[in-house]
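Structure incoming, see below.
Chains: A, B, C and D, in written order; residue numbering restarts at 1 for each.
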Amino acid sequence: MDKLICIPDFEQAASKILTSNAYEYYKSGADDESTLSDNKQAYQRWLIKPRVLRDVSSRKLVSTVLDGKVNFPVGVSPSAMQKLAHPEGELGMVRAVEQSGSIYILSTNSTCSIEEVAKAAPAARKWFQLYVFKDRSVSVGLVKRAEAAGFEALVLTVDAPLFGRRRANIRNRFALPSHLKLANFPSEGFNTSDKGSALSNLDKIMDQSVTWDDFKWLQSITKLPIVLKGIMSPEDAKMALAYGANAIFVSNHGGRQLDTVFATLDALPAIVKEVAGRCDVYVDGGISTGSDVFKALALGATMVFIGRPALWGLSVSGQVGAKRVLEILRDELDLTMALSGISDVKEIDSQYVIRSSLL
Amino acid sequence: MDKLICIPDFEQAASKILTSNAYEYYKSGADDESTLSDNKQAYQRWLIKPRVLRDVSSRKLVSTVLDGKVNFPVGVSPSAMQKLAHPEGELGMVRAVEQSGSIYILSTNSTCSIEEVAKAAPAARKWFQLYVFKDRSVSVGLVKRAEAAGFEALVLTVDAPLFGRRRANIRNRFALPSHLKLANFPSEGFNTSDKGSALSNLDKIMDQSVTWDDFKWLQSITKLPIVLKGIMSPEDAKMALAYGANAIFVSNHGGRQLDTVFATLDALPAIVKEVAGRCDVYVDGGISTGSDVFKALALGATMVFIGRPALWGLSVSGQVGAKRVLEILRDELDLTMALSGISDVKEIDSQYVIRSSLL
Amino acid sequence: MDKLICIPDFEQAASKILTSNAYEYYKSGADDESTLSDNKQAYQRWLIKPRVLRDVSSRKLVSTVLDGKVNFPVGVSPSAMQKLAHPEGELGMVRAVEQSGSIYILSTNSTCSIEEVAKAAPAARKWFQLYVFKDRSVSVGLVKRAEAAGFEALVLTVDAPLFGRRRANIRNRFALPSHLKLANFPSEGFNTSDKGSALSNLDKIMDQSVTWDDFKWLQSITKLPIVLKGIMSPEDAKMALAYGANAIFVSNHGGRQLDTVFATLDALPAIVKEVAGRCDVYVDGGISTGSDVFKALALGATMVFIGRPALWGLSVSGQVGAKRVLEILRDELDLTMALSGISDVKEIDSQYVIRSSLL
Amino acid sequence: MDKLICIPDFEQAASKILTSNAYEYYKSGADDESTLSDNKQAYQRWLIKPRVLRDVSSRKLVSTVLDGKVNFPVGVSPSAMQKLAHPEGELGMVRAVEQSGSIYILSTNSTCSIEEVAKAAPAARKWFQLYVFKDRSVSVGLVKRAEAAGFEALVLTVDAPLFGRRRANIRNRFALPSHLKLANFPSEGFNTSDKGSALSNLDKIMDQSVTWDDFKWLQSITKLPIVLKGIMSPEDAKMALAYGANAIFVSNHGGRQLDTVFATLDALPAIVKEVAGRCDVYVDGGISTGSDVFKALALGATMVFIGRPALWGLSVSGQVGAKRVLEILRDELDLTMALSGISDVKEIDSQYVIRSSLL
């Protein structure tokens, strides 16, 4: 693993270690995968404008996110079924985050249970990602368990009333291997390893009628702050604020849902403007270097999250690999700051970036 | 065929099944094929802006087109000689449309006759595509037969006074195989299987002097509504309305006529603006996913049509294949709507899309 | 040759027939060949906007150029040493033009003499391209001979005070094969077949101090109209008019002189605007289809010329090949007109084209 | 070497001669190498607008830079460890510059000492590039030695408080071969040939807290003019002038430091505008043809410098190769001037270039 010095190295290594079933599941995006690649390209459309002759001998990356501290503003996005990557699964991932001092978001569709994750990394900041099910008692149950297990916040994913068409998964009839299961659910209804069933099964039990009223209902059954994940327009950011969302998470699900939606970085500025500092704004999608993190922060994100990069790390060597991925991004962000003339992550703002088309 | 899950899969399968003569004839565009590829690329230049937390548990794709109902707004463009694709030819195609509840446009240059097509799918909505011949009595005959056979509308193609130079066809001296014929014509003059003759022969008998006055003449000999296919400018859309066209069909003949004309999607907005709701506007060219359909509707098209994708389906397995292609586009459109926060196809409008260069 | 149906076909065939020495000499551009490729790409940046339902049953391509008639507005640019392409050399080329009814421009550096060319095609419209030599008597001699031989105009090339660095030529030390010679000159000083000498020798005898005053001098020694070839800015077009140039020829020498100068098509509009109809404006560079010709005319060119395409035709089969190339461009232009709703070449104007970036 | 006729030829030849360790060290940029390639591409985004019929029979390339003469405005940027390229190392390079009549900037991290370089080329114009070390006495020592050895100016590099992450170097654990050393330092602390140590070692002893105040301190200990190398914003150019910098050097360290910073050519115009003629402005990064030099001058640079191209020349055949590289750029610049209608390098200004996006 010592030879892996940047995120693309980890992806390459993971692609060799994982079964093609798992690798395709992680890597793929919806339909033609236009958004998947645009998420990355968007970062190339913004360039850094550095300042010089500033004292950058010591840098601070510590930041405040949802009223708590992170050692550096790069967290791990919720991704389903992490045991597909490595036997340590969600436990390895959350421990990597614990060691790094960042934030871990546990997916509803995890292969370790809420309680196992909580126990594995008691000191880690943990949020729980929620899908709303037709049977509301299922969601209520999950919320109560997350609260009880010490999760700090709920992340309601709003971009997936149905699952996107990821062609690779349909082609290889993606299914959970029989030795794994969705650990937060009883076997019936949710768990099956029939070929091709993994997602279509979920589609059947998830509620496609969730609206802002349901968001109010969710607020009514929990005291945890709620982050709305999957906001892509200033109009919805406005609604989110009006309905009392505690934070807005700009995401297109890593290009896995609606294809040809625009890149998250391109969605960010208008949303940040709409929010005008009234709550945190997070972003994920396509981040793979420290300069990407820098640009997202410069355009107003409070913190960024990574999906696939963390999975590549986990695939390569469990907790150790995931931690290394986070470290690389932290180090690259640190260096980017130094070379841009910035010594505190909070100073990063829009004067340090410029859109290439405006040059 | 079960393994074919998107339109490109069907094209690939078709390319293996068809003779190269037929495949080249279907696939090719005029000259350098710039417009052929730009038709597709234009859809990449528009991106979707989704809304969230809306009830999308049930979606309506039903729409009203030329005063009649379609189950979903994706029809089949007229394309010549469908028996080249599959022995079922036009009959397979029209039955696929009948089952899907969409619209079928029969080409003048079909390998099954008007009457055969009518009989094969009595319940299908059918329009007849017309070329005007030097010998006007030929056109009159076709119009009368289409009326008698229960076709609902005429589609006058205006972008082909002469045929474009499709190099592949010239190179392989494209001709109808001797067992096929243009079924709407007597053998003489029209039908020949001399090498290289298929199109040049038509060129000779088609009238290159057709003007707006001839359009008036056509109106005078039929009570059927007339759609003008091949309008690419707001100026001509204005003329069309002034002359009483019943609908405008934005098309560049799938890039087979004038090369380096702009993409149909790029022509659409100005025409929609000019028309201002006074008649239906259709568009074809380059559509291969549900999100493409979504974008065309968002930019003001009443309905879209597909040329080659339906031919790939027909090639792969006749009626069943063509129907599957239509289903895939319907399902993808349905999913795109759900993931954009829309539950009725009529709600799709320009607020849901943005041109990438404006981001 | 029957299988060659478009200009790229001719280039490919020529590349197989010619020695690499000759092929490289014809094909190459200066330095990184950026302008060479941009000349072509510029035509992709303009798109055609067609009109429909117009009587295009008969088309007129005849045009008036420098007060004389051409059957269609595509002439042959001056290119040196045409015997490198085919034993018929300049004689084959001028005869092709004679048959086509266009214009032939003979290069100063031809491998057949002024008199031979005149005799070979007495009915062809012929112009003589002139370089000014340090020894003015050489230029005077050429002018007098061109006049005597019935050439109609002089074309003074102003973009080549020195020759551009065409790397391929330097690498293969381009030289005229020993059986060929620059036929308008005595052997001494001008003719040598030392390796690498072909152009550097010319550089030594050509006058690099030619200014507008020398243009006046040239006017004073001839009654022939003078075309200035190599104008790339409206500022120089203005000078040309002030100094009494009879026509302006927008050219960057096919990308063989100054690399990274902009494409000729991109230079054209501003020059046409400056000239405002006061004289003819010609353009060459990168034209390889009838739609290219259409676009140049739409942007205000009176006529276009082709360099390499004619050489490919000549290479493939002498006069017959060159004639075929001209015919293909004429036919493609004719078809482009028909499909754009135009029946007289004089009607082509800027309303029929649009810059793609403005869509 | 006679076969090498342009800069890319030299790079290719060097890539075959050098060890991969050395070649990778020279060639690579930071992280994804976006800026490395954008530096070059930026030159393609500007095009030349030539003028014609001007007397260009004799051209002057002589220019005045920092109050002294250069034969042509292309100098050699400081680059570390030139003995890696060729045994002659910095001595070969400085002699090449001496013969060419340009300017040589010696890197702090050279493999020949200040005194050796001075002695090798007494007639060359020589500047000394400075890094500030934690131990200020080291920097003071270097300054004094440079003054004593007849260096004319100091070049303070401000874009490298830490070294960028050049992945190739990390991967092959770049280190100075044991027979070479950083000749300006004693062995201890600075010199080590431990694998992977070459740069990380430097990182430890370089001062990352250098500010504008330290620049003032530097001014206080020397009478030499000071050039600030690594300015990329008009804001810092303004500071530089306010603090009395003698010249501004627009550089991003050849894309080796902060990746995704914009190209130097894109940074130049705003800085030139800010400076408004109050001091010299230099630029380096990505220059590889005479037309690149022309464009940088046209956008306001007083002079340009080259990093890697000179290293390729040195690699291929020491002093002779480096000199040839400089000659090629001079000759290409000379020809570009002639073909643009310019006979004195001082006439080159913004009217001769245009940004391609504005065409």
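Keep in mind that, in the parts below, a residue touches a chain if its C-beta (ideal position, glycine included) is under 8 Å from a C-beta of that chain, and two chains touch if they have at least 3 such contacts.
Only a predicted model underlies this, so the values are computations on that prediction, with no experimental measurement involved.
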| item | value |
| --- | --- |
| Interface residue overlap between copies chain B and chain C, same or different (over half shared) | different |
| Rotation angle superposing chain A onto its copy chain D by C-alpha atoms, nearest 5 degrees | 90 |
| Centroid distance [mean C-alpha coordinates] between chain B and chain A, Å | 42 |
| Chain centre separation (chain A, chain C; CA means) in Å | 60 |
| Chain A, residues touching no fewer than two other chains | none |
| Chain contact topology (line, ring, star, complete or other) | ring |
| Each pair of chains that touches, named by its two labels | A-B, A-D, B-C, C-D |
| Residues of chain D that touch chain C when the two form their complex | 3, 5-6, 43-44, 46-57, 289, 291, 295, 332, 335-336, 338-340, 354, 356, 359 |
| Chain A - residues contacting chain B, complex | 31-32, 34, 158-162, 164-165, 167, 170-171, 207-212, 214-215, 228, 230-233, 235-236, 239, 257-262, 266 |
